[in-house]
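Chain naming follows the written order as A, B, C and D, and within any one chain the residues start at number 1.
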Amino acid sequence: MNASISFEQQLILLDRRIEKTWADILDNSRLVKAIREGSVSKALYAIYMIETFHYTAHNARNQGLVGVRHADNPVYAKFCFEHAAQEVGHEKMALHDVMSLGLKNQIFDMPPALAETEVLIAYLYWISFTGNPLQRLGYSYWAENAYHFITPLINQLSETLALKPAQLTFFIAHSDIDVEHFNEIKLILQRTCKCQTDWDAIAMVMETSLRLTGNMLEGVYKQYEAWQSGDAPRYEFLHALDNS
Amino acid sequence: MNASISFEQQLILLDRRIEKTWADILDNSRLVKAIREGSVSKALYAIYMIETFHYTAHNARNQGLVGVRHADNPVYAKFCFEHAAQEVGHEKMALHDVMSLGLKNQIFDMPPALAETEVLIAYLYWISFTGNPLQRLGYSYWAENAYHFITPLINQLSETLALKPAQLTFFIAHSDIDVEHFNEIKLILQRTCKCQTDWDAIAMVMETSLRLTGNMLEGVYKQYEAWQSGDAPRYEFLHALDNS
Amino acid sequence: MNASISFEQQLILLDRRIEKTWADILDNSRLVKAIREGSVSKALYAIYMIETFHYTAHNARNQGLVGVRHADNPVYAKFCFEHAAQEVGHEKMALHDVMSLGLKNQIFDMPPALAETEVLIAYLYWISFTGNPLQRLGYSYWAENAYHFITPLINQLSETLALKPAQLTFFIAHSDIDVEHFNEIKLILQRTCKCQTDWDAIAMVMETSLRLTGNMLEGVYKQYEAWQSGDAPRYEFLHALDNS
Amino acid sequence: MNASISFEQQLILLDRRIEKTWADILDNSRLVKAIREGSVSKALYAIYMIETFHYTAHNARNQGLVGVRHADNPVYAKFCFEHAAQEVGHEKMALHDVMSLGLKNQIFDMPPALAETEVLIAYLYWISFTGNPLQRLGYSYWAENAYHFITPLINQLSETLALKPAQLTFFIAHSDIDVEHFNEIKLILQRTCKCQTDWDAIAMVMETSLRLTGNMLEGVYKQYEAWQSGDAPRYEFLHALDNS
């Protein structure tokens, strides 16, 4: 019976699952709540962008790894390497945006990734190295289409923090790039997915990587609370942003 | 004193080392001798192209691996992934050219790579996975500029075997592509090589991978001899080419 | 000031963190609640043991990987390989115990690991492949000493389900083995941990891997609920245990 | 017909192939000739032992890698990890023996591995990471039984250079260990090899790794010649051994 599910229907099933998962995250995330209520601070945003820096630094690498592992299908391997090439260095934008908040002259060690971020990174390498060759497309499918969910939040945040476009290079660049990327991802799904097993693996990675991203958001907020209580020495340098 | 070696001089040193190594190979290779003397047969050429198929199938993968491992330098990582994307699927051309010799209707198992080819493949993964991040450029440096040495041989071979351009897709495509690639490689060397250690690692990988390729050529000829003596059951199917 | 923390004090700090994390898990886990209340069923226990089978099958492998990656310190590398050798095949015990519940004559496909279990497995490979060489000891430190927390639960469970010792090979074997293993782990910590950075990495991996295990327990319970509602076709075969 | 080849006959076939390959190496190696003629010098022996140090440092690691990759067969995985544990740190003996020649008070950088040694190391990782899971046993099969061929040479060498047993720890330890290891290897071959494909893969790796070792010996001699001509600055420190 599954054989009768059309490509368009498969995408609709993925979209529904994304919407449900995003709804869970957006409804429960204290970071999202702070943004929506206008109570987000530069420090909270900085903690979030530091984690964005960390996982983004691995995206080109785990995307490239899929090509290294699964070269049997030239169409797909070419996609993986081209996509990896496009993702290279995007973490620099996240870093630039953090610094632009008012840290340019601060001297500090970049705090290492939080446990929740490490788990996300670990998972993305794992599903790139093993299992169904196509499954990492599940991550791309939601991540390249996330701006639908994220843009309203970024708009609110930039208003609250009075950020200029030059301070939002990561999100602005991705909104632009990702429309095109998302079309490429739908195209490669259409060209490569041959059976329900592929779609199941993609859906599993899609939901799991999105939930792990949600966990990362919550991890960010916990660190923010710790920082407010003076219990997060790793973020001491963020007090430079207090009155900026 | 090394600090005073200019980029152009470094390339000249690499070129000299390539010329010397190629001279060793060309002077000693019985496959090359057979081509030059016009005694090359379709079976000998086929055995060579089967090995070409095998190592070429790994080139995109080990090139991509360099990007996965060494993402610190975005310029270089981007080069690695883009170059990998361009190399994807080139083994299909080698396979096409073998089949075009007259095997299209034969049913046979593709013989696995020879020991010498496995060693070359193993080495290329090893130097991509470990050691100096730039060192695989040493392989690209000779391989993307090999057509200078190889084109005369291919011309002789295609005359001897009366091959049409449509049967030489691998070499024709690479002659075209590689001029551009070679310029890209010189450019990336210029942008990334910072110290003599880099140049030394590149030169080492360059010479070693070229010598291993020479060993592969000799391995091909040994198999051809074995086939002629009836001692190479793996190539039994090549007798279909005897009178073609 | 950290320099003054003795080895014994470091262990006490680890122990406190384990106790706090275990308390969180035990207080919130619905699986644990079901065991304590005597409402656990064979199907629920089977779902748990299937996940135990899955992650256990990777323990020797990721332990061995640490030795492959970090051979500089012979004492530690030897420990890693010896410990890996001892962990080989333990998943067979978990499988045996599942089958002994009454599935011996059932024909079914082993359900793949749950998302939560995949995440745990992914994380254990990641921290074995990268980062501080000693950090996987954080996983061993809690896992080889978990029977303190788990034995009371297993006792209750075996009473509720009327399990014989021959049906509890996984837990009985591990209780026995792990006392000795735990002493070995304390010894290797003493011989290898040289600085606070090591202890921090170990503590981070310890807490994170324990929390991911807690997530796995919750994932098990969610599947059990789905199975009860008829929404988990992957566990259909467990109805064979309904009246056993 | 292959099915009728008994285990004992398979070993005889391997042994013949080893003998033939060793004969090629021993007949052509200039290092071997120098030892047999009593013209070997401390510097030549030191260059050889430095390469021994390099490849030995990877043996436990690539042996362990086989266990990491191929955990399906618990008997074999356990063997791999136990064997890896036993190989850990053996390079220290090679290093000790080099130093004992008279370098103890010299300050020098350990020269990196020669190209030929890198190729051997690369190949051993490659065949451990990919291909037939059992194939690395082909390397163990000749290496753990090499002392039959090597002991006479070591005896001659130690006489020529007047070395004491305490200066030959690497070879003495291995002669002792390897008798037992070799029996273990025959046992594991008997327990794991199920088909001719396994034996073919083992034989291929056996011969190839032995030939690459032969190439390494020749590489050592070339470096010695270069050193004698003053063309090997990497070995400058070996002149400390000239009159010792």
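Keep in mind that, in the parts below, a contact is a pair of C-beta atoms (placed from the backbone, for glycine too) under 8 Å apart; a residue touches a chain by one contact, two chains touch by 3 or more.
What you see is a predicted model, and the numbers here were worked out from it, not measured in a lab.
Of all chains in the assembly, none touches subunit C and also subunit D.
With chains reduced to the mean position of their C-alpha atoms, the one farthest from subunit A is D. In terms of their C-alpha centroids, the spacing between subunit B and subunit C amounts to 48 Å.
Per-chain CA centroids place subunit A at a distance of 39 Å from subunit B. Measuring from the averaged C-alpha position of subunit A to that of subunit C gives a distance of 29 Å. Residue positions of subunit A in touch with at least two other chains are not found.
Interface residues of subunit C facing subunit A in the complex, by the touch rule stated above, are 115, 118-119, 121-123, 125-127, 204, 207-208, 211-212.
Those residues of subunit A that touch subunit B in the shared complex are 57-58, 60-62, 64-65, 67-68, 71, 74, 77-78, 80-82, 84-85, 88-89, 92.
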